[in-house]
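Next, two complexes with chain A in common: one pairs it with chain B, the other with chain C.
Moving on, here comes the complex of A and B:
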């Protein structure tokens, strides 16, 4: 019985994606389900749309930069947090995690105001900074988890064997928190890649990420090539999620531990 | 390498984890640190290794003051209680780590690593990762990793504590052989008194961060200097008494119940006044007193506990409850409720000045 329910829920979750992907192969000129026939022509058509290619490129670039930046920033933050006394650690940790509990819309609005104030609006830098703010907490969580599982003695062992601090970092600490680093980076990439709200707030005509592009078409009749575009993003994110699950297991990303 | 600590103190806030500790080890000497949990043993080792900066005092290796130099420059090998092997490196790489930091090429390191692994008898395990080794094997890797760098000082924090009794015994023998082979100046922390007494040249008993007594194992056991040491090492019966006079190498003591015993007098034994008398449980026998110098008392057996190697008797006497430890060879003709006479030699009657309970 519980099993049946599990499968039902699973089907319910997976169905939209599956329908989407199946639909993208239809030969009809309008979106229809079940699909009629089988063709890749919408993918070919999408690939010929410069706006699609441009926004995909932009999204990948932004997500990569965001992943790299938030991994570095998040890791540094985790080290900082760890070095603090317990009394200071808890409030600062809460502060770092706060973007997770604020609605993204609120963050978006406040960031527009902030960026306007400093004259940075409508630049890719603004988008990257916006994304980094919401992805870094995940990196902090994953890296902090890895770090707290690391016995202090390990570092001491390294330094007693003659390694100065930077070599202890490179040769002892980083290899042992690899899982947190990779997981955090991948997750930041996914979060950035599929982010609509912030990108929409901070986007300008020349600066449209893929999700924003798709979102822009949502008030028009759905065309099969757009469905193909959506399928591409669904497949890409799914691939990354699978990779993430393989490296660290998803429950660690979403674990209640803050 | 000589190691000299002078008035080393380490505070954690208000806690004096290490309090005014001074001692000096000669080259190749082995010292055990013994003391109750929380007395500051690990803190002292960490201070010597350089992980915990000392609040005051100096630590010298040879003639050099190392109190303020960072751990990676001290050339001190350390084996942690939890081994702290690098989980991402195999055995060989764990051993190579310290050599690499010393600029030894991988080719040149091979021989040193081979030798160290031979000493701990782990050559076949070179390519294993720590998680593929048993606790005892991991401990030996930790020892090998610490000695392969030829440290001038070796620190061992409860190196055998995670092992079961049998493996612990085997490892103790192995470790003794290793330490003898290397003759590195060594400090070892342990909870196990037998380990401390058997593995080291001298033993320091720590209490609340301070050294109570530091001495050779036998001297420490036979001639404790403080109530704490007399009570901490082994198991003793303790009596409050009055010293009434000195008779050559013996002291005459009077018990509150009217009994008179003789105890061992040393240079520091006072001429009179309140004293504490300690008699170790294993030095008491059952049977009538057979020598003129012996002390005795009779009592009723309250409990008998069988422990395999030994038997523990609790006997109610006029001087209070007395615990007796009999070896399995001692015949025990008596059971609970029987009246027995206990006897022990005046030599085994330790007298320390001072009142108390």
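Moving on, here comes the complex of A and C:
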């Protein structure tokens, strides 16, 4: 009984992705289901659309910068949290984790107002800062997890054998939390790459990330080349998801604690 | 001494980033919600007034949107629970690769952009989409059903993208019940209904509450899905806030609406937590049901 329901629910979860991939091969000029015939022409057409190429480029650049920045910031925060006394740990934890608790509309509206005020509107820097704020908590969660699994004895052994702090960090700690670092960076990349809720506030014409481009088209006639674009992102994310599960285990990212 | 300098050197930039780019903007937004601007010139005409809050709370148009938001998020939470619970139950009995595969599928909507998922649902719900084509070729309908731009379409999209948040905590709660507990109930003569009603369900209340709280607050504040699948006919507070700041440039009103939304979800979350505590079995029972390694005090 639960098995049958589970399979039905899994089919429901996979439905929109599968439908996107199937319809992207349609020969019809307008999207309909079931798709007619089989062709790759919409992928070719999408690859020739300058707006698609530009937004894909922007998304990849932003996501890479965000991944790098939030990994550095999140790792620093994790080290700090570990070394602080419990009295100082709690407020810092609350400060860094709060972007996960607040509704995205609240964050979005506050940021668009703030960036307008300081004159940083219509700048990719604003998008990067916004994404870093919402992805860093995940990095902190993953890196802190790896750090807490690392016995302190290893560091003490390193120091007592005469290694200076930076050598202990580079030769002992970092290699041992590699999984948390890579997982955190990868996850931050995906979260930034797929983000539309925050980007929709910060994007302006000429500064459209890929999800915002797709979001902007959703109230118009469904064009097959956009479906091809969507299907590419579905396949890309699926590959990354499997990679994430293999490296760190997805559950750790979303576990309720933290 | 050196250690303290080191800590401050790390703490300063970390705190600065979050204070400057997160706390300060939210504080500014809070203060902006008490301003009133001239909607034509966008000049601030009043610094401290409850005008924005009054505007929302005294207009039946906006109050209807508030009710709409409430029932859409409550409906999403309820449907997610009904759909997600069996999945969590099934997953909690699995180990290894089969569980891993289900986990990946369950989590996948979180990692695909809502904009992309919306597009998929558009193709499913369109007048010549999957559902309507299937029904028409089966001869069940003549004219396509208007599925898009309904509250149902919005709930469908929201359930889909928030399901993981309900499955994971429930599975977690179910996993922390030792298998002997169900076996004991069965050997004492409980049928599968009574086993579920008096053993499994009460012991997973914690997971149900955690999941419901997350799904309720996330779906109440989501606007990308309501804007696309609900269109102009189904509006929520988040989509109104989005339109006010992006299209009408009325930032103070948008700020007030989103803060009212925050207040509403906070109250709902507190209520859910209270109900959860009432329904939870006594602490002693919960403790006894845990696996030996965790249960031993």
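One rule holds in what follows: the second predicted complex is superposed on the first by the 258 of 258 C-alpha atoms of A that agree within 3 Å, B and C clash if a C-alpha of one lies under 4 Å from a C-alpha of the other, contacts with A are read in each partner's own complex, and residues count from 1 in each chain.
Here is the rule we use: a contact is a pair of C-beta atoms (placed from the backbone, for glycine too) under 8 Å apart; a residue touches a chain by one contact, two chains touch by 3 or more.
Small disclaimer: the values here were computed from a predicted structure and weren't measured.
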Chain A as common anchor, with chain B and chain C clashing or fitting: fit
Partner with the higher number of touched chain A residues, chain C or chain B: C
Which superposed partner A:167 touches (first chain B, second chain C, both, neither): first
Which of chain B and chain C A:156 touches, first, second, both or neither: first
Partner chain in contact with A:125 - chain B first, chain C second, else both or neither: neither
First, second, both or neither for A:76, with chain B first and chain C second: second
Which superposed partner A:241 touches (first chain B, second chain C, both, neither): second
Contacts of A:175 with chain B and chain C, given as first, second, both or neither: first
Closest approach of chain C to chain B (Cα atoms, Å): 11
Chain C to chain A touching residues, read off their complex: 3, 6-7, 10-11, 13-15, 17-19, 21-26, 28-29, 32, 83-84, 86-87, 89-91, 100, 102-124, 126, 128-130, 133, 160, 163-165, 168-169, 172, 210, 214, 217, 220-224, 228, 231, 238, 241-242, 245-246, 251, 254-255, 258-259, 261-262, 265
Parts of chain B lying in touch with chain A, wherever the complex brings them together: 46, 49-51, 70-78, 80, 82, 84-88, 97-98, 101-102, 145-146, 149
Residues on chain A engaged by chain C in the complex (per definition of touch): 1-3, 5-6, 9-10, 12-17, 19-20, 23, 31-34, 73, 76-77, 79-80, 83-84, 92, 95-96, 98-99, 102-114, 117, 129-130, 132-133, 165, 190, 193-197, 200-201, 210-212, 214-215, 218-219, 222, 226-227, 230, 233-234, 237-238, 240-242, 244-245, 250-251, 254-256
Residues of chain A that touch chain B when the two form their complex: 151, 153-154, 156-164, 167, 171-172, 175-176, 178
